[in-house]
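A, B and C are the chain letters, set down in written order, and residue numbers restart from 1 in every chain.
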Amino acid sequence: MVLEAEIEVRRGDMTVVAAFAAGDRETLAVLGPNGSGKTTIVETIAGLVPTADARILLDGEPIHDLPPERRPIGIAFQDGVLFPHLSVLENVAFPLRARGARPRAARTQGLELLDRLAPGIDPGAKPGTLSGGERQRVALARALAGTPRVLILDEPLSAVDVSARADLRALLRRTLRDFDGPRLLVTHDPIEAMTLADRLVILEDGRISQTGTPQDIREAPRTRYAADLVGMNLFAGRLTPLEAGAGELQTADGVVTVPWPEGIPVGLVDDVLATLGPADVALHTARPEGSARNVVQGVVEEIAVVGDRARVRLASSPQLVAEITSGSAARMAIRTGTVVWASFKAVEIHLMVERGATDTL
Amino acid sequence: MLAVRRVVVLFAVAVVSVGCSSSSSSTSPAAAATPLTVFAASSLTKAFTQIGQDFHTANPDVTVTFNFGSSTDLASQIQSEGTADVFASASGTAMDTLQSAPGVTDRTNFATNQLVIITPPDNPAGITSMNDLTRSGVKLVLAAEGVPVGDYARQALKSAGILAPATANVVSNEDDDASVVAKVTSGDADAAIVYTSDVPSAGDTVRSVAIPSAVNVVATYPIKVVGGSVYPDQAKAFLDYVVGPSGQATLAAFGFGPPSG
Amino acid sequence: MRARLPVAIVALACIGAAFVLLPVVALFVRAPWSRLGEALSGVGASTALRLSIEVSLAATAISVLIGVPLAWVLARSEFPGRNLLRAAVVLPILLPPVVGGVGLLVALGRSGLVGRWLHDVLGLQLTFTTAGAVVATTFVSMPLVVLATEAGLRGLDRRYERAAAAMGGSPWYVFRRVTLPMVAPQLAAGAVLTWARALGEFGATITFAGNLAGRTQTMPLAVYEARQVDPGGAIVLSLILVVISVAVLVALGGRLAGLR
């Protein structure tokens, strides 16, 4: 199943023009700053913008002429938008009942979804009593309730506490992975995009500025915004204990020493993500001494000088992006192909670990 | 909090003192433009409005203001408020209630009126005689009991021996004769019983059917100066005018009969 | 710790309270308690009361049934003349009820614009009937529920209705399961006001439907007639009306205040 969209909408003083496609079992992220037109795209695909000029095809069949309630799309809105006067279960069962399902069948299906995605939440509770993270889980269940052919997540983590985000992100990853069909993820958070998406579409001021895999964009950002996006170093992998208070994050292309995260029992932990700012990576011409736990050697693949800053991409294990002053780059005579040493402290690494199921949300 | 309590107490005292003090206050009559208040039965509306204008032309220093309504209603207003100078009633009974309080002076009969049946111009129910009012399905409108013309109508129906069947046909008890006429001119009533004086002013909007004089009621209209009026002289002058040749002519023109003395 | 209210506000509030309470207190004081039973039966109190309740409830039901869709149209759709329509809806509140009655008469009376057709073709005459009393009462009280519901609809966050549509809800389903429940408090408050107005309706009823005990003489009409015949009875009838109205309004209490 493939979702193709060609959209042109005028909203306020901005016109959004976008054309993209999400393939079967592919998560496409639409990433852009606030006000870039992301929500407009979601609403247009949902059929909620009557003034839009849109061609939307699902497996070649046009759905842009259908009213919103007939489009086979499941959406989890930013902040949930759960119906305040209905209980959690009634909210989840809404798409089923709206399409004519019998109350008992809808109830059973709803409970099953809740059990899978939001265990521990009382199905009879009203949305007003839930936390942001809980609301998102229910919204996700509701989005999936109508067995849609396309799943759209609109800024799923933005209304959630930072502390609850890791868990929710893990849930989203699982859910997206298990969803049979194209998925659209709309967000302004690059971490969300990079960690959940297979492909990215970058939206700026209503226009698409770049598309590609996270890797493509990381290698060749075409705009300032894109460059800032990928400025982050991202590590993903399995965390193993190293010594008291420290662990090793084993990623696909290397090993990183990290501080052991608080509150996590010592042992093997999968699905851990970590970020590192490029400015926290120091470059040396010779192997450095010092307290930094992580020291790697690598070959400079690319240097991008932007004003007085120089962004250096290394082919190393793991891959790194470092940001130093252009003055330093010049002094060290760093050029493509130069061999350098990079170091960074374990404490500079920001870990994101799923705290595991249930009630600690 | 103390300030609030103080205000509330002051306020309560004010209310009580106002309630206890006498309500009437006398004002000395003004030298120019005397305002005269005349309460009159609603059947007198058109006739008395004319008379009022004529009286003002003859006596420019007196302005007459009318309050028209059902005589019973007006009588009770006079009893409780006492703000009328002259009272012209459609029935002696209404006036009798005021005999003791606030009292009556110069009571005179100034006109008579009789009853007539009226129907819409197209006469949808085909009413041609009084007995037709007893036919089933006829929509008859009367004034309510207690209103002079309502009582008179029922009196006439009783004299004719058809009170019960006619009453069964009554679809509305109106508050005064003007409202009764209105129900006929709008075409919603089949028939109604009103004063003969109501007919000339209604013109082509109604058709009339006579009531035999044997059962018809002669309503005598008394007029009087209300006891306690602050303008007794001007009130008496108005009363005299009504009873005088000019007033009588106007009344006759509007369908009233002469007083029977 | 109580808030300190300015003295002037308290004074004005006292005046306001006295203003509305005084007539009620006076009714209680002047009622002919000694001959209550006789007064009650004499003025046909039970018949008038039954009729008042029937007519006011029927008028409220009809007002809600056609008023809510009207409110939806006023709040949600754009069409030329919408402001004119709203003005027409509000008009019965501003006009003296008798004027409303006269209007109904020339429209729906036996020789009226539409009433003529009703009579000649369908054999229906609304004047002098209980149905006519319901029509007159509905005419003057419907605006209240329309306005309250329209205000409620305007205040709704449209995101919920959009989400409901995206979840597969047809426009009717969305209205039934999302819009209506969310606007229910305002609708209910409007319906209560409508009922209260309907209960007290006089001018349009007496002008259009007439005054006949058991058929069109609701409590207000009975009071009016009783004034002439039996002032004590009029007071008793008035008191009954007051007591019932107060009882219902107190029972609904806070809900009426929740006209948010």
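Keep in mind that, in the parts below, a contact is a pair of C-beta atoms (placed from the backbone, for glycine too) under 8 Å apart; a residue touches a chain by one contact, two chains touch by 3 or more.
Remember, predicted model here, so these are calculated numbers, not experimental data.
Participant: Averaging the CA atoms per chain, pick out the one whose centre lands closest to the mean of every protein CA shown.
Facilitator: Chain nearest the overall C-alpha centroid, as shown: C.
Participant: Out of every possible chain pairing, name the one holding the most C-beta contact pairs.
Facilitator: B-C
Participant: Roughly how far is subunit A from subunit C, centre to centre by C-alpha average, rounded to an integer in Å?
Facilitator: 56
Participant: Distance-wise, how many Å sit between the C-alpha centres of subunit B and subunit C, to the nearest whole number?
Facilitator: 32
Participant: Need the CA-centroid distance for the pair subunit A / subunit B, whole Å please.
Facilitator: Comparing mean C-alpha positions, subunit B is 87 Å from subunit A.
Participant: Which residues of subunit C touch subunit B in their complex?
Facilitator: Listed in rising order, the residues of subunit C that touch subunit B are 2, 4-5, 7, 10-11, 14-15, 18, 105-106, 109-111, 125, 127-128, 206, 209-213, 215-217, 224-225, 227-229, 231.
Participant: For the complex, give me every residue of subunit B touching subunit C.
Facilitator: 1, 3-4, 7-8, 11, 15, 70, 72-73, 76, 120, 124, 139, 141, 144-147, 170-175, 179, 183, 186-189
Participant: What part of subunit C is in contact with subunit A in the complex they form?
Facilitator: 159-160, 162-170, 173, 177-178, 181-182
Participant: Per the contact definition, I'd like the list of subunit A residues that touch subunit C in the complex.
Facilitator: Counting only subunit A, the residues touching subunit C are 43, 46-48, 67-71, 73, 75, 77, 81, 83-86, 94-95, 97-99, 142, 146.
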